[in-house]
Each structure stands twice: as C-alpha cells, then as structure tokens.
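Two complexes come next, and they have one chain in common, chain A, joined by chain B in the first and chain C in the second.
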Partner chain A sequence: MEEFQTGEETTFVVDEISTIIKESVEGAIGGNAYQHSRVNQWSSNVVEQCLSQLTKLGKPFKYIVTCIIMQKNGAGLQTASSCFWDNSTDGSCTVRWENKSMYCIVSVFGLAL
Partner chain B sequence: MGESGEMLDNSYVIRPNFQHKFKPATAKECIHQILKEELVSKQYDPEQVPALTRALSEAVKDKLKEMGYDRYKLVVQVVIGEQRGEGVKMAARCFWDADTDNYAQDIYMNEILLLHLPLLVLQSDPCW
Partner chain C sequence: MSDVAKDKAARLLKKRGSVSSLSSHEVKAKETIGKTKDSMSTVSYIDEPGQQDDNPRPAVQMENTYQLGPAKRFPVATVNNILKDVLTSYLQEEKYEAELCRQMTKTICEVIKARVKDLMIPRYKIIVLINIGQLNEQNMRIGSRCLWDPTNDTFSSYTFKNTSLFAVANVYAAYFE
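Our next item is the complex of A and B:
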C-alpha cells in the first residue's frame, strides 16, 4: 500500500493563515470605532470570513476560529490555550489587531484529518 | 504497511461508539470544578495573570485527558479579562465533523475578573 498523502499538503502553515486572518479582520472591521450595537455582527463577520477563506484552501484540515473584540478601556485581558494533538501536523495561529477604540484577537487552530 | 514504533492493533472503529463519545455536560462539570477551586477570591494582577491562564488551560487539558478521551484531540482556550465596565464580545466558528466533534464551555465571574473557557474536542485517528 502506498502513502497517499505527501508531507507538503498536510502541515499547518502559519504565515499563510496569518495573512488570511489579517485580511479578514481588516475587511470586516477595519476603520470602524467600537459600537456596542454592532459588535455582535462584527465578530460573526470576522469569524465567518476567516473560516470561508480557510476552507477555500482545500487542505484536509478541521478548523476552529475564535475572535475576541474588546473596547479600549484600560482593562487587561489575557488569553491562553492548551492543546492535545499531533505536533507534526497540527498548529495554531493567533493574530492581534487594534485600532484607536478596540482590540481584536483572532485565533485559528488547524487539526489535520 | 504499518507505522513503526506504535504497537496498536487495528480496531477498525471509525466513529466513537456511545460510551466513548465526548459528553459536553460531563466536561462542563469538570471545568466548573477546576475554575471554582482555582479562582475563588482571586484578583486581576497583571504580573500573575499570564501564569494563571497558562496553568488553568494545562489543568483543564490534563483533567480531560484523564477522563479517557484517548481517541480525541483537544483544544482548550482560556480568556481572563479585568472587569472595568468595558464591552467585550467573543465569537467562534468551527469547521469539523458534526457527528463526532463537540465543544463545552464555562464562564466564571467575580467582581474583579471574568473568565471564559471554551473547550473543543475533535476526533482524531492515531492508528492510521
């Protein structure tokens, strides 16, 4: 029986994912100020746009995308994640974006099939 | 051709049967216990919070591993924020197999801090 999967297709490439995330965030909320009434829609847009771009890559991966949007108020925020997976094929990428009124933190986890 | 090293027999089981399936309610209980123990009367201290978040995520991941989900991959995320009246929104979307994968989450608040802990569980196949 031969190997059907080559090494190139089934690893998580952080740079590519990071670019996709930045473009999605810019597209969804770039240039807007924090508005409580719109934040719901913004976070959904960011996440859905990221996910649809990721699935278009066509790689054999399961994806999890999370997005946190926080108003700039002087408060602190800390996130951490811990994962039990296969180090050679799975990976994660976190991008921190900000403008004058809010922070946006997007994490993408990719798990190979 | 088999992989070298691991001596696992083929079980030919592609999907988890009911006993081995991830149960969100049990996992949520388990997360809740850990949060209650660790965070009762903790303050938001910018020096200590990074270590606290990492320790919490490791603790939850280890506890989940003990529960016997050995054919699952786990992703645990911990978010701790300071309560100062700011607005925060968190969203997540997943692209997975809805039959076998699931998630559990818990939220803990006291006057000083707010903690949100989503836990995502995806099936893997270590024997391929």
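Our next item is the complex of A and C:
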C-alpha cells in the first residue's frame, strides 16, 4: 500500500492539513467558553489563521475553509458534503474540536490547479 | 490504529479515479494523546463511494487550451433557486430526528450536486456542503473563507428553517485552470 505521491507534491495531504487545522483552532479559541458576543470574531480568526497557514505551504491549490461553532445545548447537527472534482489530486479534511461549552467543526477542501 | 487503516482504505478508493465522492462526518470517540482534559479534537475523513467506474481510467495528458477565462460563467442565481427548491421540497414538513436527518443530508447533497452538474458549466469544480441541525435555543455561527480567484470562482448559499430544524446549503464553484 504505497502512497501515490508524485514528485511535484500536487496531491492533497490529509495529515499535514489536519495538524495545521488543529493548531489554528487551539490557538484561536483554545481555553475559551462560549460567548455569543465573541463567536463572530472567533470564527473569523479560526478561518483566517487556517488559511494563512495553508498559503504558507506554497502548494498550487485553491482552498475552501469552513468553520462551524456551536454552543453545547443538547441539539443535534448533521453535516454532509459532496464534491465534483478530480479524485487523484483534490481532497478534503474535517476536524471536530470540542471543549466543555462548545463544538467547533472545521472543514478544508483543497482543489489542485 | 483503525484511523490509519481507514485513511489508507479511503485513498485506495480514490485511486480508482471516481469523480464523485460523498463524505459525511461521523462521530469518532477517540481522544488524541497529549491534549488537556478541557478540549478534545478528532479528525474524521470518511469517503463513501458514490458512482464509481469499474475500470480505472488511465491518466489523461491534457494539452494547453490557451484559454484565460471561463467560456461560461457560473450562474449564481440559478443555483440559488436550485438550493431553495431542493431544501423546501425535502424538508418542509420534517421534524429533526437523528437517523432521518443523517440520511437526508446525504440524499440532499447528492441531489443538489446532480442538478448543478446538469447545468453543464464546463471546467468548474463543484463542492456542495449541507448542514442540518436541530433548533434547540442554542446559537451557532457558520463561517467560511476561500483562497481562490475571485474573478472566476464563486459560491452560493441558502438557509432554510422550519419549526424544529434548520438547514444550511453552500455550493462552492472553482474554475479549473
């Protein structure tokens, strides 16, 4: 079961991306409890930090980063995504993060150029 | 490490060159090592094969088209209407139930993707994202940022609400240069 990385690294590497996402989320909302007034800013921070780290990778990719922050209140949430792309070069990665008062779900979709 | 095995299985599936993949985010109860007790994060990456080719397609060498921009632009208004139609028709009378909504998200996702593909916009890659949640006096913020070419790429979004649930549908379209 060899990885099928080409020499030019134009494939989407899930592990690398998931590490980046986890660090961005921790950095942006790490030890905080849910506060309605700050959620807007947190969501922007998480997404912008993710995106700037992804650009630093320097790969020829277009990125779409989505962030959902939800207060823990017993409600349920279902998410699904369907993508029409080139399976050999494009990919997606989703990280679910939670603490005592909220959930944060970050999805990154990478489309090769 | 079932995670690693699942990743490799997902990559093997992708190797078969299918153009459509459907993924849903399942809950995994695995704590990562070294985290504090306050927060926990899990990575979920599950691919369910949609329509797959039986024979893997050979890699295609593409020639330059010397085309600078898309011949036909992405029709945002039409896609907005598609989203509105699909969400209202599927969810108008439904109540939130975990199992039902799980199937519903996947179905709606595939339906929307099929209808957008029917528009036959050439050289555009499509990503459809659906969130269905329960209304329970909680708050939620959904945000997204994209790193792309704003002259050619765009997105379309629609939110539907009834007495017991809400649904958010996002369609992103990226021009394939």
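Just so we're on the same page, the second predicted complex is superposed on the first by the 105 of 113 C-alpha atoms of A that agree within 3 Å, B and C clash if a C-alpha of one lies under 4 Å from a C-alpha of the other, contacts with A are read in each partner's own complex, and residues count from 1 in each chain.
Criterion: a contact is a pair of C-beta atoms (placed from the backbone, for glycine too) under 8 Å apart; a residue touches a chain by one contact, two chains touch by 3 or more.
Source: prediction; values computed, not measured.
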Superposed partners chain B and chain C on chain A - clash or fit: clash
Contacts of A:V13 with chain B and chain C, given as first, second, both or neither: neither
Partner chain in contact with A:V39 - chain B first, chain C second, else both or neither: both
Superposition-derived comparison: chain B or chain C, residues of chain A touched: C
Which superposed partner A:G74 touches (first chain B, second chain C, both, neither): both
Chain B versus chain C as contact partner of A:G31, first or second or both or neither: second
Shared chain A surface residues [contacts with chain B and with chain C]: 1, 34, 36, 39-40, 42-44, 47-48, 50-51, 54-55, 62-86, 90, 92, 107, 109, 111
Chain A to chain C touching residues, read off their complex: 1, 3-4, 14-15, 18, 22, 25-26, 30-31, 34, 36, 39-40, 42-44, 47-48, 50-51, 54-55, 62-88, 90-100, 105, 107, 109, 111, 113
Touch list for chain B against partner chain A, complex: 1, 44, 46, 49-50, 52-54, 56-58, 60-61, 64-65, 72-97, 101, 118, 120, 122, 124, 126
In the complex, chain C residues that touch chain A: 7-8, 11-12, 14-25, 27, 38-45, 50, 59, 96, 98, 101-102, 104-106, 108-110, 112-113, 116-117, 125-149, 153, 170, 172, 174, 176-177
Of all residues in chain A, those that touch chain B in their complex: 1, 34, 36, 39-40, 42-44, 46-48, 50-51, 54-55, 62-86, 90, 92, 107, 109, 111
